[in-house]
Structure formats: structure tokens, C-alpha cells
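As written, the chains take the letters A, B, C and D, and residue 1 is the first residue of each chain.
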Amino acid sequence: MQNWIGLLPAFPLAGFLLLVLSRGRMTKTVAGIIGAGSVGLSFLLAVMISIEFLNSGAQPFSKTLWMWMQVGGLDTGFTFFLDGLTLVMILIISGVGFLIHLYSTGFMADDPGFARFFSYMNLFVASMLVLVLADNLILLYLGWEGVGLCSYLLIGFWYDNPANGYAARKAFVVTRVGDTSMAIGLFLLFSQLGTLNIQEILLLAPTQWSTGSAVAVAASALLLGGAVGKSAQLPLQTWLPDAMAGPTPISALIHAATMVTAGVYLIARTHILFELAPSVQLIVAFVGLATLLMAGFTALMQRDIKRILAYSTISQIGYMFLALGVGAWSAAVFHLLTHAFFKALLFLAAGTVILSLHHEHDIFKMGAMRRRLPVSFWCFIVGSAALTALPFTSGFYSKDAILLAALDHPSYGMLLWVGGVLGAFMTALYSFRLVFVVFFGKSHYEQRDTQQHDDHGAVVENTSPAMFFPLLILAILSLFGGLISVPVDAVFANGALHEEAHASQFLHALMILIPILGVMISWLLYGSLSYEKAGAHLRKQLLVSPLGGLLNRFWFSGWGMDKLYQTLLVQPFLALAQVNRKDIVDLVFNSLSYVARFANSALVLTQTGNMRWYAISLVAGLVIVIGLGVWR
Amino acid sequence: MIVLILVATLFVGGAIAWASEALDARMPRVVALLSLLVSAVLLLVFSLNSGPDVGSPGGQWWILASWSWIPRFGIALLVGVDGLSLLLLLLTIFLGLIALGAAWDEIKERVGFFYFNLLWTIAGVVGVFTALDLFLFFFFWEVMLIPMYLIIAIWGHENRAYAAMKFFLYTQVSGLFLLMAILSMSYLHYVQFARFSFDYFDLQNIALVGSLQTWIMLGFFVGFATKLPIFGLHSWLPDAHSQAPTAGSVLLAGVLLKTGAYGLIRFAVPLFPEASDSFSSVAMTIAALGILYCAKVAFAQQDIKRLIAYTSVSHMGFVLLGIYAWNLYGLQGAVMTMLAHGLSSAALFMLAGGLQSRFHTRDMRQLNGLWAKLPMLSAMALFFSVAAVGMPGLGNFIGEFLSLLGAFQSNPVATIFAALGLVLAAVYSLWVIQKVLHGSLQVPNEYSNAADLSLVEILCYALMALGLVWMGMYPQSFLDVSEASLLYLQSLSGGAA
Amino acid sequence: MESIPYEHGLILAAILFVCGLVGVLTRRNIVFVLMSLEIMLNACGLAFVVASSRWQHAEGQVMFLMILTLAAAEVAVGLGLIIQMYRRFHTVDISVLNEMKG
Amino acid sequence: MTSAMLFMLLPLILVTATAVATMLMIAIKRQHGMSCSVTVIGLSLAFVSLYFVMPSSAQQLTPLMKIDAFSVFFSGVILLSGIMIACFSYPYFSNLEDHQDEFYILLSVAILGALVMVSNSHFITTFLGMETLSVCLYGMVAYPLHRSVAAQYPMEASIKYLVLSALSSGFVLFGIALLYAQTGTLQFSDLGQALSSGMGPVPPVYFVLCCLMIVTGFAFKLSLVPFHLWTPDVYEGAPLPATAFLATVGKIAMAALLMRFMSESALLSNEAIVFVLALVAGASILFGNLLALLQSNLKRLLSYSSIAHMGYLVIALITVDRTVDSLGIEAVSFYLLAYAVMSIGAFGVMMVVSDSEQERDHIGHYQGLFWRNPWLALVMTAMLFSLAGIPLTIGFLGKFYIFAAGVQGAQWALLFTMVVGSGVGLFYYLRIVYGMLTPLDEDLILPEAGLKELVPHCLLFVLLLLLLLLGIVPGALMQWLAEMASAL
């Protein structure tokens, strides 16, 4: 069974090819079956493989499909490597992926680009699987770029709106910056270790490099660059919120569950390098911390339901980075898992809301949807609970593990822990703000396009099985996913000691209570029946106060990072490009031809046609020549 | 022998094609197709049924044959084919067919003469890739320019006179420097061995010292670098490429540029190892500069073909980088880049040509949202732009990755800057996609009823796409062919540079 | 009587030559130009004669004869042209001959 | 003077006989065709006789003349050019009312002069040949004096040429005289010995002065800068056959003479003269090409380009004594041959489309020729490419030779100038080619190819063949030249 591992990405790839070659002539049902079915197949295969894997004592296993390139010392194959970590990833990707595909068949039902959508989706799943299965960094890079491409294509899926195109380009280019640093990291690793096979690297690196040596620092820092780009961490996080321009299932699959966590996967995969470079690892931790706080505050100010979720994704990944930074590798992976569940759930639920409100994104234009959209409501409750890490939800366990690990950090333990807890508080605040504003209070939803048919204008929840089933599964997983134990201890053998963390009862209690506190406050602000007056009043108070207003604008704009990059990088580049549209080098060469023409026009003047002038010049020439000859 | 047959087939085929116009206006293209197919078959049969001849120098030459030509100067018809040449020959013939496909419906007037020029250009290129006598090499080097000049000058677009003239001037003048260098070599051979010789293998024995070596090397470098082109000598290329008819652009970008790189690999570095070694840092800096600069300029263009042309310069930077890294990775990278860029740029120019023939404009400001109208063409455009971005799994990635990998080992700084080119590549490629394919449909009204790809076009694109995927997924089949010869070339320079 | 040193002869020839040269450069009348040319050629002839008398050779004398013939030939052609010119322009001023230029 | 020696002079005698015969023909009965064919036959006989004259080793006939492979080669080139020009001029002059025939007499005599020049070894012969040639050229340039259209052009050209070349001959003569006065010899070889043995009390300046006066005269005939001003006017004014003759025979004979003079009298051992010549060459290359840059009259354009080409030639000339196994002489010889072929070809095309009534020498006349008369356009293109020195043509090998000589003589500065010059040159040659390629709306009326055009067309074909054959398989010729040069 494990020998069929090659089929994992093969199924979706085949689906992609079929869908592309059909050139949109297929009926939507066929396209849907192919699209979702291919991923379903690879999920089944993944399940079977994992059963076999776990029964066979979780022995790492690798299979070479074919040699890719052998140049001198470099020989890389299309080789897949399977261990606990990979296993978790493929299960998430194929499993959650399958659910989301299923959901999309309903969600995209009346979209003209149905087949195109699924072809991209399949391609994405395929490349994502390659990414996590790769046993060498080049193959990983292939998957890495592949998912980036698909993300680009899907963000810009509704291409007739230039705004989407812009968001897509931004996403691709910003992540490409990270990718490039990662590529350079690859060059460095190869020139130092002479191999790009991950396992070999992990074996060689400790023997060749001393801890904290410059090379190790450089290499891991460059890899971190790649991870930061993909996982939308500071300072490259700006692309993710805009990426919400894509269809909601995309946001669920790519920008919540799988692709954005690739960075986490990369670091976890190469954790030994990071352990060799403690300074970089600490940076990872603080990047995570800063990001999660920043994102938390920003999320609090957003009005767009998807942007809120996007920022929350950023901040949750921040948690994972925090975990990685303190060496709690499996905690990070665990959070990755649970996050995949509840964030996917939230996005899909949000999708139903948006769909039933005819692509209304502004939460303050919704409200009181509790009755109208029961399913979405309950999904949101569950998802937010898990996101907020309320006790006994999946998020609770994973976040707990992370915070405890952070607390254990030798030097900065307290700082990191406090930050993390504060983040948890913010999480509670913004996620339940979302819930309360959307589902409680009064309805602010006025139907645009009233001239349309009623069944178009009315708010009806689409609960077709295709969309209901995934929500159900994900909800269950978000609730009880915490009970799953990730089989990664073997992978992080040396990192395991961080895991059984000790914290005083007080701190434990604090960690449980603070989110609940957060929920209550947001209830006071947005949820309570007095929300209309008190809440609104309070918020007004906050906004009119100069500081509050400033903070509001500042946080709303995602801490002004976009503006910064615009002025620092984008505009100068554009200006330069405009100035030099007519390649200056060209002008230089053309000037030569002007010189020649000028010389010509000057020389032609000597051809007066007057014979006496010719005679004179003849004599003058003689004199000059003789003069030169004599002088020489 | 096969080489002569190959060249002869093309030369004669061209002549016949011209003559056959008298019979029927559709004849020439058929004749051209036939002669190209014949040569393709010849080449395939040859490359499948034979291999390196162990006896030959370096034991890596598939063919090595010589006939006396001009005894006075020890000039001989010395031709040789090794893995490197073979790959480039295959590329040449393949792109020749593609160019034929591009011209199939586009060229309507003076058909015979067009195909005559087309075939003669290809023949010249074949000669360049096989000649090992430097005089013969230079001979073909110049010969291939004339028909290309005519192609641009007769069938080019609005500004063809200027473009053709520029193209010819640049390449000719730089060629004279090359000639000077070659003659100096043969004279030195006379001084040291008491006879003139232009034989590649003889010239390897010349003992060159100090600044003299540097000067001669520079002569070679200028000659080849102009054709490549490198940053600073590139300004002929955008005009030539954008003004040439589609088939012309295909050959220019796909094949003619590669002759420059080939020259560098075959002659410039191995013959002057020390000089090249000390020069490599300069060359690699130029390469990095070119990659970034031209990517930036490309971004600013509004004429699609101009844009693609600038991207070609940018990509050739990777080739230069790989060559002057002068280790196996770099060289293999350079070769793969040459092959892959050959296909991708050819395809892109063909697409641009397709747009022009459909909408009679190359101005991106007038073309928008074609996806809705021409889905297949747009899909192709997407595919090949993605390839040009260097997407792993497609040929260009292998080439660029290996070049950078090799370059990093000899000059990390330049490599890092060059790597930034990957980002800029993304910037301009996506910009084109956004402008032309995405957004709301907008084309010049009078041509709003343009048809999607024709069968010939589909065939060409499919072939090129397959080629790129092949190179990307199983490059080994190409790397194996070229490896022996690259190792040989390295051994010539004692691994220096 | 002792013979004249040949340098003197050469100097005389040179002076004649320069006179002719100046004539060619300054005169506008084509006839005078031709005459000046004659002077120059004869100056050369004189130089040859002087030289040959120095070396007691015949060659110089032969050369002189040649020069005379040439001068005759040139004048013949020249006069023919002048006649044509006068027919056409009714002047012998060479400055009218500047149709072709640039 | 034995009979064997007399036999050696057979070519010259035959040419002379041709001239006389033509004259008698005219006296008996004016018949254009007859006089033309007589001339052609006579010259061809002379050409054939070269084969028998060809000496195994250099033959000194009296102190005056020297017959060797070198002189035979150039005599051959000159005679061939003469024959071709004669053939071309038949249709050209056929629409002249009268006096078509005298042209051929002038032609033969001019060729006689040229032959004397290339086979001389003595200043008297030099002078004789040069002047014979020049005086005939005055006549040829002015030939269709009574041509109605723009008739003052030939006369103007002729008068200019007459006065200026007489002036330059004056310089040459005076230089020779001064030299003679000091060295007491008029023979090149003795001169060489005298010079190498040193001129006793005389300061070298004096010697340089004399030589430069002579060289100036030669440079005038080769129209090198700064003695080039006359060239365009004379080329433009003269009737096409005369122009072609002036451009080929005139130049070739002069260059051959100059080279013989230099190689026999060790002139190049003198740094100052080499220096001056190098400067002259560089200036000619630059000025010639730049002057031609925007010229739209083909005759003038070719005249300017000839200035540049002579500049290239001088590069090889001044390296004659530095090159290994006399490659310099070879280079000069080959280049002159190539130059003859391509200039006659280019002028030939012009002569075919022109006649003495209307000369089609404007670039506009040739617009779209490629689509109106592909054959002529093809020939013209080939010739222009050859002039530009592009492979497959003899011109490329000529340039190759020059480069080789230059490299060996280490004349880097000049070679660089040549590269620049060729760049500029390409521009204007390609301008013409492009003009022929661009289609034209209103057609230019071409004389329909009647029987009288047949011969010229065949000649063009021969020229094209030569151009390509010698451009692609020059091995034998080069071998022969090598032997010839080493024998010199």
C-alpha cells in the first residue's frame, strides 16, 4: 500500500488534467465528481497508508518514483518521504481538502468557471501533497511554488474585477520574495553540505556545524524567510487579508487550512537546523508573538467578515511560530491540525452566510442572522469556541500546549507567555465580536437589487447536503479534534522534552479564564441586548477619543504595513520603470548615429565643387603630409 | 558527413522553395516543411543510433570530420558534433518547424523568398553549431545574419528598416572584433608552430600569456556577448524582435541568441582559461545587472513583443551567469536555460504574433480580458508565462536553478542579486497576464470577431508545452547528453574559471 | 670656367615650380591655369636636366623630353575642353564649374 | 633587347595594335559594333597572350620594365576589367548620335598605360604609364561632351580632373627630380640600395620630403584623404563606363605601381613615411565612409566608398614588409582583384539600366528593383554585400586578408578604425539594398532586355559567379597568389 504513495498527488493531478483538457465542455456534475472525487480518492489512499504506517510501527519510509536530475554531486529524485509529520499533513490536506471540495460543489454551483475552479483546486491539492511528501528540498520547492501559483490563480479567480487581480499579484509577488530567500538558502545548504536531501541535511548539519555557527544562522534565517512569506507572518503578512478576494472555499482551503501553514511545516521539517541556530529560533518565537498580537488587534477593527477571519488566521499561525520558536515542535503541529479544522469550519460557515446574503461581506450590514441561518450560526459558535480555546474544544488543548511550552522558555518564558495570553484574550474578543454582531442584535441587512426575483433577494440558507455535510464533519472535528494525538514524537525525538510542561495552578486557571473573560467583554460590547445603546455608545466613546480614533485607523489598516511597502518599494520601482521606459542604453547607442550624421554633414561642406578650393586643399594636404613626415 | 547533408538539405531546400513559388504560392511552405522534416529525421536517426566516438579528443565527439578548404591558411571544413551541439541542433530544427508553423498562415506575399531566407538562416545556425574550424565558424556566423536581415527588412512590422539595420550593424561590427581575435589566434599559431591554423584543436595548444590573452578573449567575448546579448550590448534586440515577423522572432529568440552562448561555452572560456577566470567576476556582475535591469525595463513596456524581448535579455543573464560559474552545475544550467528559453520565448513570441494577426496591435493598452474571448490562446499564454517565471516542473526552472546553484559556489553576491530577478520576473509576467488575459474584455472593435487558435497553432503550442514539461519533469535525458562534452570543455580549461 | 653648382639649378627650378603653383591656385582664368601648369612641368624638366648634368646621365634628358611631350598632350586636351567650355558658357572663368558638389 | 624580351612585351604590343586597328577601322568605316568588337577581341588576345608571357622567374627587360608573375597578374586583372567595360559601354553609347567609336581607342590606350604601370621598375616608365593613362582618362571622362542632358557635367569633371591630376603629376615629377638629383638613379631597385646605404651628407629630411612628394602624387590618383576631393565630382560627371574604368583600372594600376615601388625601394623601412601613410589610411577610412553615409547619388556614393576601400588597402600596403611570407603583397593583390570584380559589377548594373542619354544613378531609381527586376537586384545586392565585406562573397575574403595583414603588422589602431569604418559602411550599403527591397508604386521604366543587353547580362552573371566562387572556394587562387608574392 505504501508503495502506492505516488498515487496520492497523482489522483488530483489527473483530475486537473482531465478538467483542463475538457476545456469547460463537461457538465458541472461530471466536473464536480472528477474534482471532488479525485481528492476523495487520495484521502482514502492516505487513510489506508496511515493505517498501514501506524501498524508497522511508524517507520519512516521513502519511495523514489524516478530520478529527477543528477548533476555532479547533486542527485535528486522524485522521491516521497513518509513519517509522522508527513502523515498528519497528508491527512489534513486530503481530508479537509476533500470536505472543502465537496462544499465547493455546492458553493460554486452557479459559477460559469466551475470546471476551471476545480481544475485549479485539484492542481493545488496535488502540489500541496508534493510539498509535504518531498524528501528533498528541490522537490519541496516545486510543491512550494506550485501552491503559490494555484493560490495566485484562485485568488484572481473572478478575473474580470481588476481588484482581485491586484490581490492575486500581491499574494504571489510577496510570497515570491520569501521563496527567493528560501531558494538562496537552498544554494547555501548545497554549497555547504553538498546535498539537498532533507534527511541527509538533518544528519550532516549537526556533525559539520557547531551550534550558533554563522552558516547555520544564515541557512536557517534564509529558510525562515521562505516560511514567513508563505505563512503570512511579519513582515510579509500583508498579502493574506487581500487574498480574501478569492472565493470563500479557497480562503478555507488555501488561506486557512493548508498552504499558509506550509511555513510551519518547513520549519518543523528542518527543525534541527533551527536548533543549531538558537538566535534564529528566538527570532521565530518573537516573529510569532508580534504577529499574533498585531493580527489580533487588527482583527478587532475589521468590518469585512472574511478579513476578520484572515487576520485571525495570521494570528493563529503566529501561535504556531511561537511554539516553533520555543521548540515545542509537536505542539505547533498539533495546533496546525486543530486550526485546520476550526478555521476551515469558520470560513465555510462564513461562506454560507455570504452566499445567503448575496456576497455581503460587511458584518455591520448583517445582524440577527441567528434565526435565519441556524446552521451557520451553530458552526460559528463551535468554530469560535475552538478558536478562542474555550475549555474542552480542540483549540483549547493545542493552544494550552503552546502557552505552557512558551512559559518554559529559559530566558524569555514569562514575556512570551504573557504575550500569548494577551493574544488569547484578543482572540476571544474579536471572534465573538464577529459572532455577536452577525448573529445577534438587530438585522441591518437591506436587500440590494430588490428588482430581482424574490428567491434571489430573500435570505435563504443553502443547506444542500454537499454543503451541510462538510460543515457537520468539521464542526465535530473542531469540538473533539483535541483528543487526537499527533504521531510526531518520533520525528522530533530531540525536541520532545519540551512537551510535558509545568505551570502553577494559578497560571493554568488564568489561561482558562482569560478567554472566557474576553467572550464576556465582547458580549458587553456587541452582544448584549443593550448593545444598541451601551455598546454603540461605548464604541463611539472609544472612536471619538483621539487616541482611540488613531488606534482604530492604525489597526484597521493592518498597522500601516501596506502603506509602508507602497512608499518604500512599489512606488519607487514604478517611478523608475516609467522614467526609463525607453531604455537609456539604447539612447547611448543611438547618440553614436547622431555623431556620424553630424560628421557627415560637416564633411560634405568640404565638397564645394569649386576647383580652386580643391587645388588649394591638394597643396595644403601636401604641406601637412610633409610637415608630419618631417616632424616625425 | 551527416552534418554536410544536413546543411545541404537546408540550403538546397531553400533554393527549391524559392523556385517552387513559380508553380504555386502554396508550394514553398510545403517544400520548406519537407526539407525540415527530412533534416529532423536525419538528426533523430543519427542521435538515436550513434554515440560518442571514444577515439576522438576527449572521447566525447559524436562526429568529427574534416575536408581541406583553403590550404593557404590551413583552413579546413572541420565539423564536429558533441552532446552540446547535438542538443542545440535538435532545438534548432525543432524551432525551425515551429517557425514554419508560425509563418504558415501569416506570410502571404513573396512566399518563396521568405522560406528561402527561413531555411538559410536555419542552415547557417546549424553550421555555427557544428563548425570547429574557427574560420568556418565565423563564416557561418555571418552567413546566418543575412537571411535574417532580409526577413526582418522585408516582412517586418512598421519600423522594420530601423530594426533590421540596427540588428545587422550590431552583429556585424561585433563580429569584426571576433574576426580580429580569431586572426590573432591563427597568427600566434603561425608564430609558435610555423603554420597558420584555424583548427579548434590546434588553437588549444597555443601558449598565451598575460594581457594578450585578455585582449583576444575580449575580442571573442564582445562578438558573442552582443549576440547573447549581455546588458549594455542588448539594445539591438528589442527592436529586432519586436519588428520581425513572428517566424523571425521565433528563430531570433529561440535559436540565434543561443549561438552567442554556444560560442562562449565552446570557444571564449576554454581557449582562454586564465583570462576568463579573472574576467568571470565582471561577467557575472554584468549578468546580474542585466537580469535585474532588463526585467525592470520589460515591466515598463507597452508593446508585448518588446516586453518579451527584454525578458529574453533578462533570461540570457542566467545563461551568462551559469557559463562564467564554469562548474558543471552552472554549465548544465546554462544549457538547460538555453533549451527551455528557446521553447518558452518562441512560444511567447508566437502568441504575441497571434494577437497581432488577430487584433493588428501589439499595444497592451488596447488588449484586455482576452480570457473571456479566446480561452485556449489565453490558457497557452498563461502556461508559457508561468514557464517564463521559472515555475518548478517546467524546463526554465531546472535551467535557472542549476545556473544559480552553480553560480552561488563561485560568486554568491552576484548570485543573490540575480536571484532577485526571480521576483521581478513574477512582477512583469503577472502584469502581462493581468493586462492582456484578465480584466474585462476590451479589444479594437473592428477585429472583435477574432477566432481562437487554429489547428496548426494548437499543434505548435502543444509540442512546445510538452517539451517544457519534459525538460521540467525529466531533465535527465538532456543532462546526460550534454554532460560528457561539458566535462571535456572544463578539462580544456583545466577546470579554471 | 667652372660649372654652376647644381644646387643653384635646383633652387631655380624650385622657384619656378612655386611660381607655377601659385599661378594655379590664384588664377581664375582657365587659360592662365593651364599656363601655370606648363610652368610647373617645365620647372620639373629643368630640375631633371640639372640633375642629369650633375650625374652626366642621359636619363634626365630623356625624362625632360617625356615631360615636354606630356605637357603638349595635356595642353592639347585642355585647350579642347576650354573651347567646349567657352562655347557653352561664353566665359573661361573656372568658378562657373561648380555644378557638382556635396 | 632580344626577341625573347620583345616577346615578353607581347601583351602591350597587342593592346597597341588594337588601338591602331580600331583607329584604322574608323578611318575606313564608322561602325560602332565593329570598333567595339575589334577592341574586345584585341584585348582578349592580349589577355590570352599573358599565358605565354608568364615567366618562370622575374624578367628585367632593359632597365625600364620588369615582367614577373606580379605584373602578369595585374595585367590580367586590368585587361579583364577593360574587356568587360568595353562590353558594357557598347549598349551604353549605342544611342549616341555619332562619335561612339573613339571611346574604344581611348580605352585601349589607357589600358596600355595601365599595363606599363604595372610592369615597370623605373621612374621613366612610371611617368610614361601614369600620364598615358591620365591623358586618356581626361578624354574618356569628357567623352559625351555634346550630350544634351546636363552636358556640362562631363566637361566640368574632365577639366577638374585634368588640372588637379596635372598638378599632382607635377608633385611626383619634382619629387623624382629631387631624388634623382641626390641618388643619381631612376630605378627602383638602385634607389632602394642607395637609400639603404644612406644618402651620404644629405639629411634624411630631404629624402622624406622627396618621397612624400611622390607618394602624394600617387595618393592623389588613389584618391586618399586629404587628396580625395576631386573623386566624387569626377565620378559623377564622367559617363558610367569612364567612371567604372577610372574606379577599377585607374586604381588597380596605381596601387600595383605603388606597391612595387615600395617593395623595391625599401621605402617602408622609413618610420616617418609609414607613420604618414598610416594616418592617411585612417583618415581615408573614416572620411570616406562618413562622406558616403547619407549620399543618395550612387556614383558619388561609390566614389566615397572607394576612398574608404583604398584606405583599407593602404593598411595592407604599409604592413608589406612586416607580414610573414609576404602575406601583405598577397593581401593587396587579392583585395584589388576583389575590388575590381565588385566595382565593375556594381557599375555594370548601373550601366545596364542607364544609357548616355539618361544615367540612372540616383538611389531612388533603384527602389523596389528587387520586385521589378530580381536578377539585376540580386547582382547589385551581391556586389554591395561584397563591398560591405560579408561572407559568401569575395569582398569578405579581401577584408579577411586585410585584417590578417593588419594583425601581423600589429596595426591595431588602424584595424579598429577599419571596424568602425565598416560599421558606417554597412549602413549606406544596406540603405541601397533596403531601397531595392521596398516596393515602389510607380514603376521605373527599364530598357527592355533586347539582344544588345544580352552580353552585359551574361557578363553580370560571370561577375556574380566570380564573386561567389572566389568567395567560397578561393583556395587555388590564394595558393597561386602566395607563390606569386613570395617570388616578388
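Note that contacts are C-beta pairs under 8 Å (C-beta built on N, C-alpha and C of every residue); 3 or more make two chains touch, one makes a residue touch a chain.
Computed from a predicted model, the values in this text were never measured in an experiment.
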item	value
Which of C-D and A-D has more C-beta contact pairs	C-D
Chain A and chain D: spacing of chain centres that average the CA atoms, whole Å	78
Between chain D and chain C, distance of the C-alpha-averaged centres to the nearest whole Å	26
Chain centre separation (chain B, chain D; CA means) in Å	43
Rounded Å distance between chain A and chain B, as computed from the means of their C-alpha atoms	38
Junction residues of chain A - those touching two or more other chains	604, 607, 609, 611, 615, 619
Where chain C touches two or more other chains at once, by residue number	21, 24, 94, 97-102
Chain pairs in mutual contact under the definition given at the outset	A-B, A-C, A-D, B-D, C-D
Interface residues, chain C side, partner chain D - complex	6, 10, 13-14, 17, 20-21, 24, 30, 33-34, 37, 40-41, 43-44, 47-48, 50-52, 54-55, 57, 59-60, 62-63, 66-67, 70, 73-74, 77-78, 81-82, 84-85, 88-89, 94, 97-102
Contacting residues of chain A [partner chain D, same complex]	596-597, 599-601, 603-604, 606-607, 609, 611, 613-615, 617-622, 624-626, 628-630, 632
Residues on chain D engaged by chain A in the complex (per definition of touch)	159-160, 163-164, 167-168, 171, 205, 208-209, 212-213, 215-216, 220, 225-227, 229-230, 232-233, 271-273, 275-276, 279-280, 287, 290-291, 293-294, 424, 427
Chain A-facing residues of chain B, complex	231-232, 234-235, 238, 296-297, 299-301, 310, 327-329, 332, 369, 371-372, 375-376, 379, 386, 391-393, 397-398, 401-402, 404-405, 408-409, 412, 415-416, 419-420, 422-423, 426-427, 430-431, 434, 437-440, 473-476, 479, 483
Chain A partner contacts - residues on chain C that touch it in the complex	21, 24-25, 28, 94-95, 97-102
